[in-house]
């Protein structure tokens, strides 16, 4: 009797907390009925691959948003990292190129936080526009370095099998990009929930004043937050260029809005302090599945935009209602 | 200020005896796309051969900035502008005023719509309609018994995308080649083309005989999707003839690329502008022929530089 | 009941108001006669402001009736009450700092005036009528506190008010401004406008109020014509309560000097120096804004200041930021729980562990089971009423929230625990538990600095009391040998010697 | 003494107005380059090229002042332009077509207001979603093809010239500027917006109908964005879903750079004018000097970050001295 009641309660709370699970379930159900191919192994692995780049960026963005900030510069970072990485394959070889790419992402993130900290711009709005400006800067650097042209990984004279493995290889049943995702998720989950740094980053968004009065170094936390975002964008960028085997200087376009939407739709609120990387996984899943399912259902690309916008607006609104 | 050209260049003499190069402008629709970046480079390279100093203006993929760039070029007192429009209707009013100011207007790559040709002096380029048609022709040639084709478009709403789409589908009308699905991307983004290709492969599987992708770099993504699905018999056609397309054809991953020769287009444009400046009559419409490049004839072409 | 005096502008009957955990007003009845200045006095937290906010419609009342100008007042709103002729100068300034003086005076009523030009003209007239020469085009954020106060008064005057409530208008006025205010009050009185005047400065009450009401703990203690009461009687009525079992037996274990504070000087504070002994509870008494919070923030390193000295157990220590203080064994429970203490979206457990995160982490990893253990220990020992330690702290009552913060700081084993208004908005039961806790701490060799606006609390709990007035320490008392009146007279601003 | 005072005041204003300083610097710098920057023709062009974004900027200025945010303006702009042209192309008279297009703005403004004011949803994210949705609607309406207007008079709406010199759209832009300036400065609605953005609670207690005022601000922004869309489509003689891609962020950024606070309560039409002019002049002058287009982008980013950084830094210093 009680267990039944408790089960119901748990179910209710899960559903309330993770409204988005319901949305995903409906989407999956409808699509698999109309288009059984949806459930094929091939499609699922496609979805996972498509998931790859965005989830990396969104995971990083989760930390930024939980910390009470926002980061529009990820689009620029992705483009810059893509261009620089491919550029360096010829010069330094694939391994070093990859490390240089990751380093650039990290450096961009730290530069963002340095700008915020030195100017004391610690509100979300200030962060919004400073990172927007930095996005232009990083994007411009990508264009300048590449001269505007797209470069293919396989043009390189050096070995590029590392990128092939990341982009299309698989380890056992799983594709490499999925494994990278799992590793990143695991690390970030641990970081967020089991480490000092993770707790402090969350505190930064929860109540900066209270945290400071507890003797916690908020500035270091802000640097850390943006460094993670930059690094995750770089990883996303590398997964992306490995997947498509080419690096265009505008490859990151649109990733910032999609990442923010994925995070917010997942239920991490813009007000900071609340949310988790797991939620972002769900949010990203919804965003990716939405276009996958609509493609399979034969929804025209224009209508897809409308539906996507409408679903996002409604999801955010419902989430907001639930909280108030 | 030096008092020149308060309103275009009618106040300056065009006797051409001075040694200073004549200023002209190339207005690129978006320097962040490799085609335009390459075209701009070609203009800078060959400009001097015709006695021009070429300034490059970037419309950043925005129809509004495109118009601003035209105005800006006129204000800088250029003698001629070469314009790649983001939106062929949108650019007309500004071109008219440029012409009124005495600037020679050459359309590059895309022409103005019928009935508005007096808003420019000449057009040099490939016909994107024809590019679509050529792609269709490639399919017709390859599949005499009919086939199922998936079309993956460029940026929804973009002029080249629209024309390639229209030309392709008009040409196929009434043939036994069927376009079973069509999706356009939101930007000319390789990963979006790839995602669409993957979804289409899921949906139609081996039903797909061929894929028409609107641009070679998008084709790169399609190739990755096909490889992952182990479908190596799909006939892939893409437009541009850039280095990526060229090498993909060479390696057999892509079947056909429809090549636009930007070097020739550039030289032709510069030549026409010079003729016009010298007071000669010039041809209004100048198509630079498109080349249909496949594995059989690829060795007859010089590899593109972009 | 029938004999409502014809000349009563306002008559309040049996009004009660509860806030979560606090009975702010209990069956309050007051009558204010037309054309008089009616003073209201009472300790901090007596319920004066709450009553006024009910009159103006900021808070709804729970029960009781209010008759204003012969009409029953139900469901009023701030703007309705102002339009009906009752305006209020709130204790916390009620101005939009990004707008100009003139606009603030006529906020929300620009349409009725016909153009911004008129707004500034009229505002200028109003300000001049009260002797203020602030430019009406100046932004409020650029004004001093007293100038803001004048703007508030002008705003109240801008309505054709029959009754103006002034909630501590003089707390930040200079002597000249105060003179102008007195003039204004007489002027208003002459015009037949009634005034309710709330102040802690008893001199003012005697100077121009004709009737005074004394409040304490949400009750009306007495209402008397001003010439029927003496100053000491008034203070006695304000603070004099004799409650036996509200406080535990005062701990008595004062030992040697533990901490010494020397020469804290800021804009607001002057030459603050005192000693704190082991096993001692040191009470700081003062009016709102006296600077008590600033003193403890300075000690804790929360505000950046220079030139002061803090000596712990004979050693000079440097405290530049809160973490330094934490290392030195100093803990601060801030006065504003919501904005400075709690992290509202966090669980009870996470709020408790906030100050010891570095201690419970190894190689950067948090020892979560230790965290849970600690949290559970405090939930049990402090008797925090929560469904589970995973519950969001937002959902707890004020007292339990406060205990979470106490638990947080107890965990660092502070040798000096600073409590700033630890019992604000907390019910009697929870208060008692907090008192017991304080006792326990000092008995274990710690020391406490207690700031509280409830005088009885300080008097009953402290071993020693310092009075703070306008940024200076003005007196030192042994609460056992002194009366509340003596102490309060040192805390009242008007008693200062020049 | 008096002159000194004035100088001090000017210095103070310039220092407070980093964007204005940047503008002055750019105008000064252009004196040292031999270009046609300082020709009436170019200066008119400058105004013309900035005018559509400026129109939108004035609309959102009111929303920002009232403490809201509107990122849907790009979508509104595109849809209204398309609606106007599509209606005219089925022989609806121009006036009515324009009114319908403006109604698009009203409706979107009301939807934005419903979500962000009455339902208290985060305006930033909800209007971002609305913008996406509207872009989709624009594509759906046009099949993602540009639609050209068949009505020859429509082009003149923007491109017609007063005294044969000044394009109409510049005049419309100044009209919207004056209107917005007037509303914000001299109407009770405008002043109430400042009060709401400055302190929501105080505004509420002062009897301002905060919800309705804020909602009205969203509607104003919607209508003005629609007007901007009509002027754009008229200028380009065409409507297309791609026009509004980066508009929203660009305009918001310009407005903020001008000194209107994203937190509300501070700013005004004149500031937005300056903020957007910074970017218009930057682009124009860099084109004049012949700066490489990628480097232009770099400068645009640096200027954005620089001005906002300096502003924040100034605020930080002020906070610390208090």
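As written, the chains take the letters A, B, C and D, and residue 1 is the first residue of each chain.
Going forward, contacts are C-beta pairs under 8 Å (C-beta built on N, C-alpha and C of every residue); 3 or more make two chains touch, one makes a residue touch a chain.
Which protein is which chain? UniProt says A, D = ABC transporter permease; C = Sugar ABC transporter ATP-binding protein.
Worth saying up front: this structure is predicted, and the values here are computed from it rather than measured.
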Winner on C-beta contact pairs when A-D is weighed against C-D: A-D
Chain at maximum distance from chain D (ABC transporter permease), centres defined as averaged CA atoms: C
Cα-centroid distance, chain A (ABC transporter permease) relative to chain B, in whole angstrom: 34
Euclidean distance of C-alpha centroids - chain B vs chain C, Å: 72
Interchain centroid distance [CA atoms averaged], chain C/chain D (ABC transporter permease), Å: 45
Multi-partner residues of chain D (ABC transporter permease) (at least 2 other chains): 139, 144, 241, 292, 294, 296-297
Multi-partner residues of chain A (ABC transporter permease) (each touching 2 or more other chains): 143, 148, 301-302, 305
Residues of chain B engaged with two or more neighbouring chains: 31, 156, 184
Pairwise chain contacts, counting only pairs that touch as defined: A-B, A-C, A-D, B-D, C-D
Residues of chain D (ABC transporter permease) defined as touching chain C within the complex: 185-188, 191-192, 194-195, 197-199, 202-208, 265-266
Touching residues (chain side chain D (ABC transporter permease), partner chain A (ABC transporter permease)) in the complex: 115, 119-122, 124-126, 128-137, 139-140, 143-144, 241, 249, 252-253, 256-257, 261-263, 292, 294-298, 300-306, 308-310, 312-313, 315-316, 319
Interface residues, chain A (ABC transporter permease) side, partner chain C - complex: 194-200, 202-203, 206-207, 209-217, 273-274
Touching residues on chain A (ABC transporter permease), where the partner in the complex is chain D (ABC transporter permease): 72, 115, 118-121, 123, 125-126, 128-130, 132-141, 143-144, 148, 257, 260-261, 264, 269-271, 300-310, 312-313, 316-317, 320-321, 324
Touch list for chain B against partner chain D (ABC transporter permease), complex: 1-2, 4-8, 28, 31, 55-58, 60-65, 67-69, 71-72, 74-77, 86-93, 113, 155-159, 162, 184
